[in-house]
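In what follows, structures are represented as structure tokens.
Both of the next two complexes hold chain A, though its partner changes from chain B to chain C.
Right after this comes the complex of A and B.
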């Protein structure tokens, strides 16, 4: 393989797979198209395994395409993360195919294209690649969100996402332009080298703030979170899942790259800003979730709150903080995937995803009831599950900084307050599952076996991450070290 | 020998678990397991004693900064003696139970509980630190609760079990505080470490608090109220708990930690509480009609003796009396059990009578037990009581007089019990038809009769002449008076002659009534207050208030979520402006 192209071999495989699926659509009878999803998931599984191949891993800490594309432990971590997320979402999409009413193969292909964008994003080492990959993700999501054309809600969500996404892209590209104007380059290397002087320039700060706003939109941080509940609720549920997990993680990998390694001094200068954003995001997400009865909306607010918790890892400005973000995202992936899958299985088409539809789930399907309860408990951050350990690591990384700065304590206090509030609404879910009086439906829930396997894997992963956190923490630390090392090298 | 010591402790646990998990259905297997376990422990104890020497063996359990708690065994002269009593008397009571509980529906459950009880008791005996002792102390509380309330379908038994448990908990609270205080003041909870530690001024208070634990378990006034009621359990249980083991635990514990309280003001308090308990209990015993209750009050009174001996600075005398008392009181209880079974669960002594000819083995062994308890010379109780009276005479003349008076009362009420129950003519149809109990019940009686006679010789001292004279006088006087009052009587003549006093004794000085009044008026009101606080302040103001505020905040914030795209775009722009102002403004 050509020297440059081998760097992007995984991305090429995924993009090719997407094209193949579009082609296959032409030759397959419409009944067989659904199973394309399982084929695609299997193929992605193969790609996931290939990402551990020695020849590929050996490319670590090297750059390609004139330095705009970088492979390192952080990039590997996120590429694998996105691959896993996409595998689950594809399996999920097959379950959901009937509700799409046509265009299944396109739906699958778009998931793969969005995945390509995310994988490029995890290697972005240049503002141009950053912008292009973000746009690839966002534009595909415009389509994925509005895919149920027969549903007004889906269309409405698509339009909202389109327009607000366009606004945020405008912020982003405007910011990039200002940064370019001041720094004279789009390369992260150049900016990293020169940002001592650049910090003096208000234009540069102005630009970076707009870039931050663009990324804050992706992770749905305050004050750019308003779109999330409407879009999450209206979008087809597999899209919601991918949006909540993949798109958010893409935002975070770029935030980590930029703020933890390219401009760490700017981050230090903006600690107050980041903390304020984190605090407001946590408060907004948790408080709004309390009166919420729609499950997808509830998880959207919970997703906003979680973005706030994840920002704590950036605020901590340490390798531990970054590692905590990675660990937390891993736990969040498995939890959200299984939660959305179960919600989709339980609710029937045309009905809202109201919390009341969980009533009697423990009788209809004890396994689903248990799995969803486990997700709620993990999201609430109760030991010994993944969610607890992730929150613990985040809080710990912030607490390590807290001595000598009272602001950090305020952040910690808000985080703890948020957790307490969140226990209230997550347990509303558990209460609905196990202690509801009125049950409208009592037929057992049928679950296809690939979904069963996916759910089983997710539950196992939630338990594994919480009970035996040593190894995953080591992985997260190894991936986080890259950034720390680079910023230290520079000094 | 380490293994042997651990085996002694663990055999009964194994039996309890095995019965509980496995052989609940099979009566034979349960009986074999339980009796085998306790008898095995007894044989191993003998082996340990034959081997001689002391040993300690411990496994680390908890280690914090400044606190190391082990699960450890301490084998020395004191624990060997106690092991002997617990496993020896325990074995005989297990065997006796085979006959006594033969008809019972829950035979296996009974033996599982019995094994659990023996395990807990052995834990107290072997413990080498306060924390382990406290754990087993509580286990004894639990297993005695299970045994006293064994016939839980009977409300009186269930109530008695509850009462025993709660009363013990009151004492245990003090015990726990005492342990904490010892740890705080001396920095350790291990007996061996504490022995070497510098004693400080708080030892008196700590010692008294620890004594509170003994007050509960060994039923000292004012926490004695549970013991007579606890007779609601099966009679072998009464024999086990109230003669040989549980109530002895308090005295044993005081002897174990005697080095801590020695020389502090707590000693004085302990001596007086012991003396008062023995006096009150002996008085109450005089007017009881239930054969087991008489024995129960007698136990209380003898325990008072032992506690008093500890308070007077001679734990050896206390342990001596504990040992002899364990054998003759177990004998008396089992004898009473034998009578009760023969009379179809009749316990009122005024409905007995004339059992001498009908139950000769029970009669003769009961006589031996009575003589030992009254302290007839050359019986075991004589020597141990002399030892306590000696100690009293040396240290406290007033308490000596009390003790002598108690001895007089003891002789009197035991003479009363014996004459009314065994002599004269049968006073009920059951008594007329009474038959001797089977061998499985009489053999333990015969075996127990042996130490009741000879146990005293192992530790006999030449008695002080004054003490000897006093005790002989009260012995003879008590027997004569008892004989003249009750010989041939069909009803108790005392209430007619001393109506007020007899009523006070019958009503047990109204302790239960006073407690009931206190609970009704003090505890109930406190509970109501706490309930109101919980309902209005905690649940109302704090919980509902916090919930309401959060919910309201959520609803207000949700107003921003209008669903209108233009509004959202406006929020974006406003947010961006806010960020700019925040950072650059």
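Right after this comes the complex of A and C.
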């Protein structure tokens, strides 16, 4: 068993860290509890570094616990991704602590537990682990979303997320049951081997459709996106960030595992369906974002649109498509983290996050103004930033299929339309920052040092991913190759 | 020497340098910007003079940027783009001089201006499709912010969104076309020479060409204000600050034309054969429709904007004829029109600064009031009608010959008629309204241009005249490259 435990060493460290924080809460005075967030972020930084340790990396391409848990380049990529996201969210949570009104340590601990779930999800090689890790994520998010019990919006968001999340879990578990009933196993390996025959069975297809629906809820794809705007807006902003980045990426790692390597033939058969979902998600997200004034709500709709762009990578059904998803997600992580952090800094409690709050930001803090403008430009997909290169890779992966298949062309046309619409509302943010008239406050914004460092790192990463993509694209390719190779081996 | 690298880097470095100067140091900011663009102009001039015709790529810089995708940072000059880069550098310097009218948030404006100049010059110097696109897009955000913050008129918010959305749409359509070229050739490289080698071996599948060419033609076409996607141009230029309008109308707009000549025709010749006929008729619509719209304008900026859209029709017509003289003429008009548009917008910017209005019905007698600016405007408007002696004439007449010999006879006759009559009509009317007659109300206090701006305008005029009397300076280089492109596009006539 010892040999097997080393596979989950990172997850164990993170979970232990969560428990230690809960313990430390008992011994620390209430004023010092906030700084636990910085301690936890530092510790996660250490875990992040440990994930590059030779002994751990050497475990790649092996399975543990009877094959339900798998370590490979894709898993490494996503574990590091989630760790980074959690570090930023923890730093962010310290800033936010005053607005939580108590329970700071629990809040921090729940972030770590959700992180554990995400890290397990990235290694899931079996429907049972898939379900358990998704539930670990979702259940902790029920709490994280409604953590500001004194705010009606937060509670409303919590209830909405609880009800719709439960429905999606029901979809997922029902789908898994149907798949199990037909395949006789929950292991991805078995299904991969047998899925040629399984495709004949309608029960299996129904099961997979339900599983897809459950995961589509996680990534907020149409028609399972209705929860996103309300929950994003109502939840405490660090939760929103983690939901937008972590939970969405967890959905995508599972989609990649399932649809790119376990059942590639099914994906090919469902190209039309996936394409339709992508098209509708892009249209819905972008068109609904146009009239929004609340920044968190705007980013929620833009998050839906981005889920649509990311689905293009699945539709492309190639290693390039998968690599493009990874690259895009990495850029999305840094962009959204810094955008939400800045929105939180600029708006004050109780005022809401109206876009008018950004007026005069240019004078209040030129750095924050520049960073937020950079995020908007990157989300709009304009060079030389991360968002552009991600979109470029996604479009390229779809265009590789488009000549000779009009459906892919329609998808590209919708994506172009979506991007043009999105430029309208993203540039609205820039306009609000630099030349909107009604300035209510002109006090300088004070930014704590850890937050400042986090923001600086995000800005540097956005520029790095946009300007020097050579190395990161190799990482994304290496992670994506795993799945491609596995699906080719089986053929 | 890698002159091109210096030319592209100078403005970008200047943007960074201005970032470190405190906003109150207006003189230093202006000095850095004008100095950098002046140096870039000097380098462009040296490069242009030392360019040897017919020896392939020169002043080359090639660095692998993303190995797995075959992206290179590849700058190089050949007969076509060396002239355009020189024109771009002249306009950039002139625009930097004319940015004198910016009085608030000077620092931010100059950072954006330098970024835009770097993007524009980089786009024309790039021989890699990715960077070609990348540099072009670098100018998009500055354009948006410049119109929003420093723009003119009550309508500027509308104009700013319109120009940004149209340009994004065009750029994205072109991007899909460019990626299509990459995917279909299987070259594993975005480098234009590599792609051309690949196409020479094995042309792109004909069915795919029928998709790629219209994507590129309309994508690039929108960037050049091809009818009926032209409405952003007059509006956007009317609302933009002087320097932005000069750079945009003068240089950036030529990007789409350059793309059609450089990429669309050589990569998708079969697609071109079936779509260039359509382009010829759309070009005619540009000439006639936008010319007639220009006749109706009362605002000088809208007149210049519409006439500049109309002039794009000549270039499209030259491209549509798809023969050596047609392409040569097209590039010649691109360069001539770039200088002319910059001059016209520079002058209208000066006039606007005097009274805050460009209503032509309330102008008059300005030639006496401001002899320098007035005579420059006179010459600019004459050059706009295609008066011999200016570079525009040389290009336009070449295009008429080309279109006639390519068999587009009806189009040529109508185009020649409209160019002479309609163009003459609105230009002459503008001259009479603005420059002659009695001096009207507000304009009595108006002053002439400052020496700095006069130098800028003079430089543009000199370039127009030099290339007008000696178009051979440009055409020698262009012809060689145009021949190669035509050979690729029509292998049968080799």
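Note that in this section the second predicted complex is superposed on the first by the 490 of 491 C-alpha atoms of A that agree within 3 Å, B and C clash if a C-alpha of one lies under 4 Å from a C-alpha of the other, contacts with A are read in each partner's own complex, and residues count from 1 in each chain.
By our rule, a residue touches a chain if its C-beta (ideal position, glycine included) is under 8 Å from a C-beta of that chain, and two chains touch if they have at least 3 such contacts.
All figures in this text were calculated on a predicted structure; none of them were measured in a lab.
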Review point. Once chain A from each complex is brought into register, does chain C clash with chain B or fit beside it?
Key: clash
Practice item. Look at A:62 in the shared chain and tell me whether it touches chain B only, chain C only, both, or neither; answer first, second, both or neither. Key: neither
Exercise for review: Look at A:382 in the shared chain and tell me whether it touches chain B only, chain C only, both, or neither; answer first, second, both or neither.
Suggested key: second
Point to revise | chain B versus chain C as contact partner of A:202, first or second or both or neither | key: first
Exercise for review: Examine A:473 and indicate which partner it touches, taking first as chain B and second as chain C; both and neither are also allowed.
Suggested key: second
Review point. Thinking of the overlay built on chain A, is A:273 touched by chain B (first), by chain C (second), by both, or by neither?
Key: first
Exercise for review: Considering only touches as defined above, state whether A:424 meets chain B (first), chain C (second), both or neither.
Suggested key: both
Check your understanding: Counting only touches as set out at the top, which of chain B and chain C does A:291 meet: first, second, both, neither?
Key -> first
**Study point:** Partner chain in contact with A:395 - chain B first, chain C second, else both or neither
**Key:** second
Practice item. Would you sort A:435 into first (chain B), second (chain C), both or neither based on which partner it touches? Key: second
Study note, to complete from the structure: Only chain C stretch among 73-81, 127-135 or 217-225 with CA clashes against chain B is 73-81
Exercise for review: Share the list of chain A residues that count as touching for chain B in one structure and for chain C in the other.
Suggested key: 424
Study note, to complete from the structure: Residue set of chain A touching chain C in the complex reads 377, 382-384, 388, 392, 395-396, 399-400, 402-404, 409, 412, 416, 419-420, 423-424, 427, 430-431, 434-435, 469-470, 473-474, 477
Practice item. Spell out the part of chain B that touches chain A in their complex, as residue ranges. Key: 547, 550-551, 553-555, 557-558, 560-561, 563, 565, 568-569, 571-576, 578-580, 582-584
**Study point:** Complex interface listing, chain A residues touching chain B
**Key:** 159-160, 163-164, 167-168, 171, 202, 205-206, 209-210, 212-213, 222-224, 226-227, 229-230, 270, 273, 276, 284, 287-292, 421, 424
Exercise for review: Flag every residue of chain C that touches chain A in the complex, lowest number first.
Suggested key: 64-69, 108, 133-134, 137-138, 140-141, 144-145, 148-149, 157, 161, 164-165, 168-169, 172-173, 175-176, 179-180, 182-184, 205, 207-208, 211-212
